[in-house]
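Handing you this structure, nothing more for now.
Order as written gives the chain letters A, B, C and D; numbering starts at 1 within each chain.
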Amino acid sequence: MAELLYREALNQALREEMRRDPRIFLMGEEVGFYNGAFKVSKGLLDEFGARRVIDTPITEGGFTGVGIGAAMVGLRPIIEMMTFNFAILALDQIVNNAVKVRYMSGGQLAVPIVIRGPGGPSRQLAAQHSQSLESLFCHIAGLSVVAPATPRDAKGLLKSAIRQNNPIIFIEGQELYSTKGDVPDGDYTIPIGRAEVKREGADVTIIAWSKMLLLALRVADDLAKDGVNAEVVDLRTLKPVDYDTLLGSVRKTGRAVIVEEGWKFCGVGAQIATDLYHRAFDAFDAPVERVTGYDVPMPYAKHLEQLALPTAERVIEAVKKTLYR
Amino acid sequence: MSPAERLELYRQMVLIRRFEEKCAEMYALAKIGGFCHLYIGEEAVAVGAISVLRPDDYVLSAYRDHGHCLAKGSDPKRVMAELFGKQTGLCKGKGGSMHLYDVERRFMGGYAIVGGHIALAAGVAFGLTYQQQDQVVLCFFGEGAVPTGVFHEAMNIAALWKLPVLFVCENNRYGMGTPVERASAIYDIAQTALAYDMGHSTVDGMDVLAVHEAVGRIVTDMRRTPRPYFLEARTYRFMGHSMSDPAHGHYRTKAEIDEHKKRDPILLFGQRLIELGEANADRLRTIDAQMQQVVQGAIDFADTSPPAPPEELFTDVLA
Amino acid sequence: MAELLYREALNQALREEMRRDPRIFLMGEEVGFYNGAFKVSKGLLDEFGARRVIDTPITEGGFTGVGIGAAMVGLRPIIEMMTFNFAILALDQIVNNAVKVRYMSGGQLAVPIVIRGPGGPSRQLAAQHSQSLESLFCHIAGLSVVAPATPRDAKGLLKSAIRQNNPIIFIEGQELYSTKGDVPDGDYTIPIGRAEVKREGADVTIIAWSKMLLLALRVADDLAKDGVNAEVVDLRTLKPVDYDTLLGSVRKTGRAVIVEEGWKFCGVGAQIATDLYHRAFDAFDAPVERVTGYDVPMPYAKHLEQLALPTAERVIEAVKKTLYR
Amino acid sequence: MSPAERLELYRQMVLIRRFEEKCAEMYALAKIGGFCHLYIGEEAVAVGAISVLRPDDYVLSAYRDHGHCLAKGSDPKRVMAELFGKQTGLCKGKGGSMHLYDVERRFMGGYAIVGGHIALAAGVAFGLTYQQQDQVVLCFFGEGAVPTGVFHEAMNIAALWKLPVLFVCENNRYGMGTPVERASAIYDIAQTALAYDMGHSTVDGMDVLAVHEAVGRIVTDMRRTPRPYFLEARTYRFMGHSMSDPAHGHYRTKAEIDEHKKRDPILLFGQRLIELGEANADRLRTIDAQMQQVVQGAIDFADTSPPAPPEELFTDVLA
């Protein structure tokens, strides 16, 4: 067990997996000589060389397509989006090629590709650089989407993502890179598709992922002082959803609040809420509450940006609503 | 190239032609559905170019892909069965006309998003270089794909990284109803390679030997010194853009088509073989008859093949 | 009142609006000389000339950006996507420019642009050409999304879309172009953001849009024979959602089935179901049922394609579930 | 061009330089946040090019946009207030450093998706042509945008439709840490215009008069015969890519930067003015002092301005 930064944990996962399997390569903007825009790939060029750690021109669609093509001939590409904002430019390659080549070919091909990078709003980066796009990817049939919140989950989930054989979206919290946490030594994996109860409680279930998990845990502590004992579930994998864990929790608490940093309409929270109702209609003592980013482009000004995103106050208010307080 | 090899090229072109003429019939009978884009008139490009390749070289194409798939050696039975949407099709009926795949023969697919597969082709070439293999990749696309952003992103990457991919632009003068003059700022499409310091040239896409020779030179050089190349093949589509499009909408005249049909690649090559004394009219007729049999065999196979079982809907989504 | 094809109704809307306002132009692939891939723009080049009916190279991102730029200097572009499958290539322009320029400029600019074209799975076009992408657009803050099901709604809603001053996604049913319906003569509009009860009933509410409305109405007739009196609500505008109409119906029936042709996860139906529960938790006698396309790429083979999409059988089954039959 | 006009160019370059030096300070004090990309070293490009324009001509830029915005005549006070995220900012604090807009002055925005705004610029030019107006559009972007697909789509459309847009590529040799040699298959970026039969040339981006003259010729021609043009301005960024990037990461040496600083555009132009006898050292020092005052005034204005009220979060979403 060592205390590592989230970015260091990801770096370890990349390094260990690349040592294990020579078919794995890392491709993206500034991943090599620059050691990564957020230093996640620090030192990888030195260790693995320019053949396996490849800097690209600014062509997200192009190099994502290149990664898919390489996967079609047996390689295992890891494509870094400098930030997920730019993945929109690769969306056609992801939607129409990465996830469909296998099906269209009747199973002749597989596309084991990890598309990873930082996501989520980040300090005053404004409308074009500050947004949560995970729900867009979650809608696509055949895509798995992962969004770890802790260094331990980041390393273990990235290893699982790299080892599985299908296109997967791996969204790192841009604001989490410098957060610390205990990480088991050496090789371990965290299974894809498993949520985790990060805090036990009996009164209400707060469901969150990525940066919002930290908010949820903070809120849970505040609520405890108020005598409200909140259970906090870290979704970790957004798709496929681990309904067993979620249902186990809401059956116990009868109440759920979903905290989501992105836009509300057609967000992941909508899917989860609907499915929970559908599978445990009678378990709910109150409607599911959703706390999300507001449906506006992200403003630059700090004070407006803070208002645009979920706050502790809004989460607490939502929890109290579920408790009819 | 030996007389036998030349006859083989003729055989392939005739196979593709007869195969697709039947496709048109089968489409009319609703045995084939979806979008179906015929390659009739352009056979010399696929046949001439692919004839240069080794079996382990790779080919990717757009949605007008029957010809490339057959030229790469796929079994006409399984291609037709795919068009019929049958279990015995190359892709179990999941891909259809626009998405043929025959990975065993290194035919890595037909793609329906204009330009999208060009990046995949560069990726296949990247994969080969990464694994220090000496195969090459042929990527076929229409001149309509040249304005797309992804084409340019792939061109730059391929040139920058010296990837062994030959970009074969099948310039048939039209993208659906739009003549190249109204879609591209340059008429001489090969000129686009200047933006990437990439080797490039133009070839008569109606002359199968010219295509064979041009691609031969390029591929030999590419195996020696890996680097991409851009080849513009000037050709012409005799049929409508797809089965749902008349041969000549008001975007081109029947006279224009007839003019081009005088240079029908099969006609031209047949005459050439006769001039060379490598075949006579009878021989060519025999080949034609044989190919019609092969195609009929494909039809019968497709017709009598079972459809994919319902469970297939949910398979092949994930590996 | 005249009986028109859906495509003719759209053509009338385009023609009448272009006559009304010289700032409106139509741009896209094959919209001019070819009269539109689906003939929606038939005759417009002849009437308005190549200055206002503009054929483009195959560059969805590029010409959508051109449209946005033109809107920034006072024009009112209508951008045709030959099919919405290709709009993915324009998504960055839509998400990061069309809907954000106004906000980023602090209100100095407006972007009145209509992005329209056929959407939805269509006869054996297979994975890359046969999919419903409306939910992707619905997730984007600041975007309105419209999807008319009848010729009357198509004309009236397209006129409203053209007259409003913001980016709007207008999805026409690719399979509806040849359907017929009564269309009022001359100029009329249908307001954006208003659903319509297309069939009254008291036992269950079936919510649908675009092609699925026709399925819902057919099913409702079958159910009637069974003594089940279904109310069918045509959403028409997917965002913003007309909750007044939806709530009015479910408060009456206590049961809802949402029929959606696209993929389930994060689909529009998830948002609607969650919101209905949230606003009328006690109104429901049974969980909301969703009937959607299955989460697979679209197969080419006809019989598999049919299985992939919502069928009358599946809708009826869902209805019966809500009735505990 | 008159001596007074030349002095005005000098004044503008110094204003931008002093303005951005203060930005760096204010960023360190956390009065400015987000990504902040300084233009220091590249001032001659924006000032030389925009000095040619009429007030009703249009300019668009990428995220390194302070210089273009100021050169187009925006009030330094309102620009600085925008960077401070204040209500009095050009965009009420909603845009920030990467998204400055001053529509009254026809500065149509700074954009942060590399390449994305190039299509918008073509669109503005399309809108002008559509309305039969004779303005021109200047679109600034880095050499890192040249590989992007949208750049190429816009180039083809602009050339095909003869749109009055000047593409000004500010080639400062690096895209973040990537030298142009590792991002582009061509070193002479202007060559990219060959793929579109578009007029193109390269100019010394450290020489404000050279830029002024080159753009002058191009714009005069463009007003007479509307058609796009591609100008590569060779320049150099003295600071890091953004405030969060050191001036020289290990991607370039301090020595390299110092070498380029010898050709600091302000230094060069000051010497030139003295040679021309149009200014002496004192005069230049006075201008500098004046500009420092202007910048201080902007800081004070921004500092004392109120933030936007919370309701502003929800305004300007829809028109």
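By definition in this document, contacts are C-beta pairs under 8 Å (C-beta built on N, C-alpha and C of every residue); 3 or more make two chains touch, one makes a residue touch a chain.
Being a predicted model, the structure only gives us computed values, none of them experimental.
By label order, what chains touch subunit A and subunit D together?
B, C
A-B versus B-C: which interface comes out with more C-beta contact pairs?
More C-beta contacts join the chains of A-B.
Going by the average position of its CA atoms, which chain sits the greatest distance from subunit C?
D
How big is the gap, in whole Å, between where the Cα atoms of subunit A centre and where those of subunit B centre?
41
With centres defined as the mean C-alpha position, give me the subunit A-subunit C separation in Å.
Distance between chain centres: 30 Å.
Quick check: how many Å separate the C-alpha centres of subunit B and subunit D?
46
Using mean CA coordinates as chain centres, what's the subunit B-subunit C distance in Å?
Their C-alpha centroids are separated by 36 Å.
So which stretches of subunit D touch two or more other chains?
91-95, 99, 111, 113, 147-150, 153, 156-157, 160, 182-184, 317, in rising order.
Counting only residues that touch at least two other chains, what does the list for subunit A look like?
Only 57, 59, 61-62, 85, 89, 92, 96, 103-104, 126-128, 141-142, 294-297, 299 qualify.
Using the definition of touching given at the top, classify the network of chains in this structure as line, ring, star, complete or other.
Looks like everything touches everything, fully connected.
Using the touch rule from the top, collect the residues of subunit D that touch subunit C in their complex.
Residues in contact with subunit C: 58, 89-95, 99, 101-104, 108-109, 111, 113, 116-128, 130-131, 149-150, 153-154, 156-157, 160, 315-319.
Mind pulling up the subunit D residues that touch subunit A in the complex?
Going by the criterion above, the answer is residues 33-35, 85-86, 91-99, 111-115, 144-145, 147-149, 175-178, 182-184, 249-251, 307-308, 310, 312-314, 317.
Sort out for me which residues of subunit C touch subunit A in the complex.
85, 88-89, 91-92, 95-96, 99-100, 103-104, 126-128, 135-136, 138-142, 239, 262-271, 273-274, 277-278, 281, 286-290, 294-297, 299
Can you name the residues of subunit B that touch subunit D in the complex?
Interface residues on the subunit B side: 147-153, 155-157, 159-160, 182-186, 191-198.
Which of the residues in subunit A come into contact with subunit B in the complex?
Per the touch definition, subunit A meets subunit B at residues 25, 51, 56-57, 59, 61-75, 92-93, 96-97, 101-112, 141-142, 165-166.
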